[in-house]
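Reading through the structure tokens given below for one structure.
In order of appearance the chains are A, B, C, D, E, F, G and H, and numbering begins at 1 in each one.
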Amino acid sequence: MNDITTNLTTDVVQLDLARPDRIGFGEAVLCEPKTVEQIVRALDQARDAGQAMLLTRLQPQQFAALPAEHRTGLEYDPLSRTAFRGQPAPRRACAPIAVVTGGTSDIPVAREAIRSLAFHGYPTSEIYDVGVAGLWRLQRRLDDLARHPVIIAVAGMDAALPTVLAGLVPALVIAVPTSVGYGVAEGGRTALNSLLTSCAPGLVVTNIDNGYGAACAAMRSMR
Amino acid sequence: MNDITTNLTTDVVQLDLARPDRIGFGEAVLCEPKTVEQIVRALDQARDAGQAMLLTRLQPQQFAALPAEHRTGLEYDPLSRTAFRGQPAPRRACAPIAVVTGGTSDIPVAREAIRSLAFHGYPTSEIYDVGVAGLWRLQRRLDDLARHPVIIAVAGMDAALPTVLAGLVPALVIAVPTSVGYGVAEGGRTALNSLLTSCAPGLVVTNIDNGYGAACAAMRSMR
Amino acid sequence: MNDITTNLTTDVVQLDLARPDRIGFGEAVLCEPKTVEQIVRALDQARDAGQAMLLTRLQPQQFAALPAEHRTGLEYDPLSRTAFRGQPAPRRACAPIAVVTGGTSDIPVAREAIRSLAFHGYPTSEIYDVGVAGLWRLQRRLDDLARHPVIIAVAGMDAALPTVLAGLVPALVIAVPTSVGYGVAEGGRTALNSLLTSCAPGLVVTNIDNGYGAACAAMRSMR
Amino acid sequence: MNDITTNLTTDVVQLDLARPDRIGFGEAVLCEPKTVEQIVRALDQARDAGQAMLLTRLQPQQFAALPAEHRTGLEYDPLSRTAFRGQPAPRRACAPIAVVTGGTSDIPVAREAIRSLAFHGYPTSEIYDVGVAGLWRLQRRLDDLARHPVIIAVAGMDAALPTVLAGLVPALVIAVPTSVGYGVAEGGRTALNSLLTSCAPGLVVTNIDNGYGAACAAMRSMR
Amino acid sequence: MNDITTNLTTDVVQLDLARPDRIGFGEAVLCEPKTVEQIVRALDQARDAGQAMLLTRLQPQQFAALPAEHRTGLEYDPLSRTAFRGQPAPRRACAPIAVVTGGTSDIPVAREAIRSLAFHGYPTSEIYDVGVAGLWRLQRRLDDLARHPVIIAVAGMDAALPTVLAGLVPALVIAVPTSVGYGVAEGGRTALNSLLTSCAPGLVVTNIDNGYGAACAAMRSMR
Amino acid sequence: MNDITTNLTTDVVQLDLARPDRIGFGEAVLCEPKTVEQIVRALDQARDAGQAMLLTRLQPQQFAALPAEHRTGLEYDPLSRTAFRGQPAPRRACAPIAVVTGGTSDIPVAREAIRSLAFHGYPTSEIYDVGVAGLWRLQRRLDDLARHPVIIAVAGMDAALPTVLAGLVPALVIAVPTSVGYGVAEGGRTALNSLLTSCAPGLVVTNIDNGYGAACAAMRSMR
Amino acid sequence: MNDITTNLTTDVVQLDLARPDRIGFGEAVLCEPKTVEQIVRALDQARDAGQAMLLTRLQPQQFAALPAEHRTGLEYDPLSRTAFRGQPAPRRACAPIAVVTGGTSDIPVAREAIRSLAFHGYPTSEIYDVGVAGLWRLQRRLDDLARHPVIIAVAGMDAALPTVLAGLVPALVIAVPTSVGYGVAEGGRTALNSLLTSCAPGLVVTNIDNGYGAACAAMRSMR
Amino acid sequence: MNDITTNLTTDVVQLDLARPDRIGFGEAVLCEPKTVEQIVRALDQARDAGQAMLLTRLQPQQFAALPAEHRTGLEYDPLSRTAFRGQPAPRRACAPIAVVTGGTSDIPVAREAIRSLAFHGYPTSEIYDVGVAGLWRLQRRLDDLARHPVIIAVAGMDAALPTVLAGLVPALVIAVPTSVGYGVAEGGRTALNSLLTSCAPGLVVTNIDNGYGAACAAMRSMR
């Protein structure tokens, strides 16, 4: 650091440790844009506060670059790129939240939602690869799905699954567009816009690939 | 109609009258892109089925162009551009859903949500013009807001209100971007994108100006 | 005209009168961007050549501004904004082409396709308002649809109908996105992109609202 | 997998094995966004069902990462990034489908179409590098082309070839924009939009670089 | 005007009267975004300086709103929306500049170029409606066109004409995209991008509908 | 208003009357997206609080629709679409702020800045139509301009003026892009992006046409 | 170099060495798009002129590729990617400029501003990670912040911090959007647009990640 | 190649060897999107025809991957990524074409133009780093520049140089936007749009980074 400047902040990372009291769940650390040093500081603050912590979008190369002592303290899942520091919350006695995907390529994002919910103690049901180009795959799951109060529906490309689903079940359907696809898939923008203009009433949407955000919304709705 | 074609559909409007049984609330008619004749047919089908019906985005000039008998059967609100055919559902004994706006210009969209909820019997609380450029306006409402399980937050331009709110209360926050603004407001796209990339966890979003969709999502979450 | 320039073209409209011999159907006149004088000249050329002619996107105000003698020679349909000059081709003895829409607001575009096919003698079947948010509407038409070799599927907003359809029937499915919708519907761009990234195999797509183009493609495939 | 969640799906890949009966050709596996493990599972399901399978957009590094036993069972073409598992369908006795390109850089996409058609038994004709900046190259092929009922026209940059072609021949012309080019070529978006606004009547279009989709549409039209 | 401010500029319009000496032709007044008062001041300055003046994009309603004395001093062409104040330059003894269009709807823009050239004394040749969907229309003009040193090629939609032309003739081809079309024509952006990515070498491009700019470029190249 | 809802806000307009104490200047009312009733309420609140008020983007038709008593209390300027309610602040004894434009079409936006500064008592200098296509117009003003501590530079189209200016003078240069232009001017987005990527160091930028915002920034820098 | 061309410029890099006299601070070298040879030439020109020089966006791999003699003469900071050649200016006796960030991921851009100010002798205050999703972090810094005449506010994603801040303090707030985020964060475009449409009055904005530009604007305002 | 298809084209590369006779200069090979095998075939065709050939956008790694015998036959310039096969045309006795750049980072594109002109025998003048943020750099070159009939002006970021230049000299100014810059520079799109909306009359524009295209246009204008 350059000594001709005055750093008024005692630490460059300021974890929002009071968040669980305010909104019901703690701060997760979005790792992708951070330096390894910044991730280490966040882990240390959580350790010092005696808090468990969820890390999201932790790239394999970032995980590999962590000091061994920090790495061994993490339960890391490379598919969803999430890690748990400390013990997840005990399992809650509430209805499970369904997480469904249109294709197999959407599973990493679905797993980010699953893992985020698991970290906070919420039970989940996983139903994968039920995209509407083969409608029978969804239809044989409908009775199961209709029993869930909240469904996180993850889909890329044209993202037609959440629309069809929201026309068939009464649940709160939280749609997560994914960046799967090429050409005019535009890194998920077409899926996102398709979901926002859905002709099914009451679909709500998160940012592209934001399985964590969908999990948080599900938790907010389950309180 | 051209008689060399075969119209396999008996009626060009096919109301989804079984929707309440499947998903808990009935079909609303999005009027803006329809011809007056199509709106009339939908009203007639609802009448014949003995169902109440909600009409959204019914432009004043469309309302004025309806036959008198159809017009008098509607309770029309020009600010929100919504109309009720028949009796709204009786008021439910559940917690009210809060609807807040960043500015006064966002009120028409907020009123679309309010009216859609009222039509289905859901109680609401309205809190307007609490945008974060004058943070005190929001702060004096926080205790009220923290008691609501669901908040519909309506905001245009930079749409910072839902983010600040979602950091302060545990409710499910359904954000509705509005088309208010000029230049890079881009008819609401900036507000929409700003909400989707919000640093507050668990914000969910609807299409621009879609107060009706936010109301439906709120109803799904209140079941 | 300015006499210091030399106009090498004898007439500013050059109808491609040999097109039927080359590609099997004649030139239609896209009226919307033309002046009334230009439309009149095209009509006169067709008359002089003794040819029937299809006019598309002929706005009501353009039709009204035509000289009476030209107006009375046209069979004009304001819903589809198409007009026939002269006698349509006799009805062909081939399988009908199905034209389906997701919603009632898509019908004007569907009618442009229907009328373009009728003008060239092709039989059609019309099935309207079978969008997938109420899946039962489509399902009860599936057996009918599976018997058609070519289906023109017209849909706006998220345009999920053609995808679901192409997963269920073997026909050539020509999808036409429509400009119906608001906000991120973006005048039909979201429907278009959604169709182009469809997870159903072999969907082909035309420009937004281009019912005429879909009809031409259907005719090319039926030769 | 996290054991606090319940996976209701027995397998994360659900091949749509009944697709040939419904729509006339089987499911292909889009490999690019899948993990190697997911591709292996799909191959195993096809093997267990005794079905041949087409793989598309299989990157060289993905092919190289497959287990040896799976790799040797594939006939892989790195130029088109396609692979065949099992025996292609026997050659059909129908007219060949023409595949033409504007430039040599468009050949990989053309080959994806060729290989997809070959896998399903359809004969093809290849005509490359006939872009309209040197019009004579196309003109000497016109008689050949006019004899094909279906032409897949592959072109990048300004994509003028399919327009010129569709003005000269009566075939169904399925245009495939490619991502060739730089600057405002925008990864194929300019070619795509140029094709969608073509002044030639009845051109239909697929997603950028989607040779497989064009092949499927051609097969649908040839039934 | 508000008297608490100091206007350092003596006149709000500052015509660049020395431009002909610097670059060879005078300043034209782009009228569309100006108030009628501003147009009047520009006309008065030209009158006071004894200079002829070209006005472009002068809307009919602006022309109609001019004071009678200013209106009568103008030679106004509503098709091209151009007006001449004072006497055009005498006709130059140089080769004519060709102006061609793809369709009849592009003629207003072509006429803006023609009139701009005529105002400065340059001879022109006009060739209209030779778009490449009917290639024969262009081919019968090729010998004429090959004799022009500069061609202004005006085209909308997919704008394939200038590309085909530039592959056939040695002239400097200045392409002007037009805003003709609908859907993904995007007000001329697709035509513009298509021209910029043309596979024909050495095509240069102006802004959408900018016939005046093309004329100026042609004049620069003819010096 | 619908009586089944509870309006927690006593008034739908909540003026931020304490803003001058916090940030040094009061709230202005952005009128364009507001209903006439909302503007009236804001005016009444200002009157009740005994405060002067600035109104921006007040369309002529909105002004005309105000009740006579409210209209007569306003000093309205239709060119800049601004109005003053009550007495502007007394003129401050500080250096004037320069406001320059590239063209005459940019003057309405410049006047919005001028009027906003005047309302708060800041002296200004106006220099119009000094765009860099005629560089001499700027050069003869440079000595004047170099004496101003803050310059608001208003320009549309390619917006080259602020860049050239910021390379020549030491002032804080606040650039305001305008929506002047057609085609790829894109309603001011090209001017905006051009300014943001300026090669001149330290240019800062506001939203398109935001003369008021530039005035506020100038006032913040002059404290 | 090709000897059939004539290079009229004696050196391909032309440092603007008189800039400090004109605008108060010297030219910085934007290194990212330059070749190593070009950076070396700029360093040599500065050395020959006896001037200190600031380098921005100097990538680690560029720094590593510099000749040892040039590398050792630089004080390089890899976090902000800035380097100082020669001695920074002595510290000025003026109020410090505050630099605040919404998150820790925004710190590299903040440090570019800090280092640019330090190089020119301006004192600064750093306050990091005070994003508004945890509003208390900002609130406890407000008294500090209100004492600064200029604040550079650096924020990515929805970039709500500068808006909230500008509503609370009277300083000139220069907002710098950052490229932090994913999906619709669009590499910083959403943050940028959100800032430009801010409902807080008088926010000014720089290009994405342009900490150097913000520092220059701050220096211009402190003269 | 798959033997169930029929390749009607004898060779996948079809050089347009008659182009010089038609348009005055030969075909160049755009190498970037081609495979090494395709480049080799093009070189062999040129050799067999006894023609010299220009290669553009030949990446260093492509050049390195060529067979030694082909590589040694090329005169390769890595800065401009161009190569000459065979002897360039003899130098023509005409006025030189000026090539100017705004910054040093634009030089690779300028060199592509220079090399393309040199290959065809056209003399050139190079003037670099004369961007308008330091206007004196351009001004001292104006007399030189005013003597050139054609100027290729290469600039990125805000691309203000060609506008200022075209206001000062009578030459045909062909502007080439470059992809230099970050953030809203958008890979050159801002420079491109800024040039297309230039307020200087008669600027013509090429695709981003298209130095070759500018050279071809210059050659067309010099015939």
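As a convention for this text, contacts are C-beta pairs under 8 Å (C-beta built on N, C-alpha and C of every residue); 3 or more make two chains touch, one makes a residue touch a chain.
Treat the numbers as computed from the prediction; the structure is a model and nothing was measured.
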Using the touch definition from the top, list the chains contacting both chain A and chain F.
B, G
I'd like the Å distance between the centres of chain A and chain C, where a centre is the mean of that chain's Cα atoms.
44
Cα centroid separation, chain B vs chain F, in Å, comes to 34
What are the residues of chain F that contact at least two other chains?
19, 27, 133-134, 166-168, 181, 183-185, 189, 192, 196-197, 201, 207
Provide the full list of chain pairs in touch.
A-B, A-C, A-D, A-G, B-C, B-F, B-G, C-D, C-E, D-E, D-H, E-F, E-H, F-G, F-H, G-H
Of chain D, residues touching chain A in the complex:
2, 4-9, 12-14, 16, 18-19, 27, 30, 32-35, 38, 42, 57, 179, 187-189, 192, 207-210
Over in the complex, which chain B residues touch chain F? Could you list them?
77, 79, 88, 91, 96, 104-105, 107, 114-115, 118, 123-130, 133-134, 136-137, 141, 144, 156, 180-185
State the interface residues of chain F toward chain H in the complex, per the touch definition above.
102-103, 131-135, 157-160, 163-164, 166-168, 181, 183-186, 189-191, 193-201
So in the complex, which bits of chain G are touching chain F?
19, 22-25, 27-28, 149-150, 166-174, 192, 196-197, 201-207, 212-217, 219-221, 223
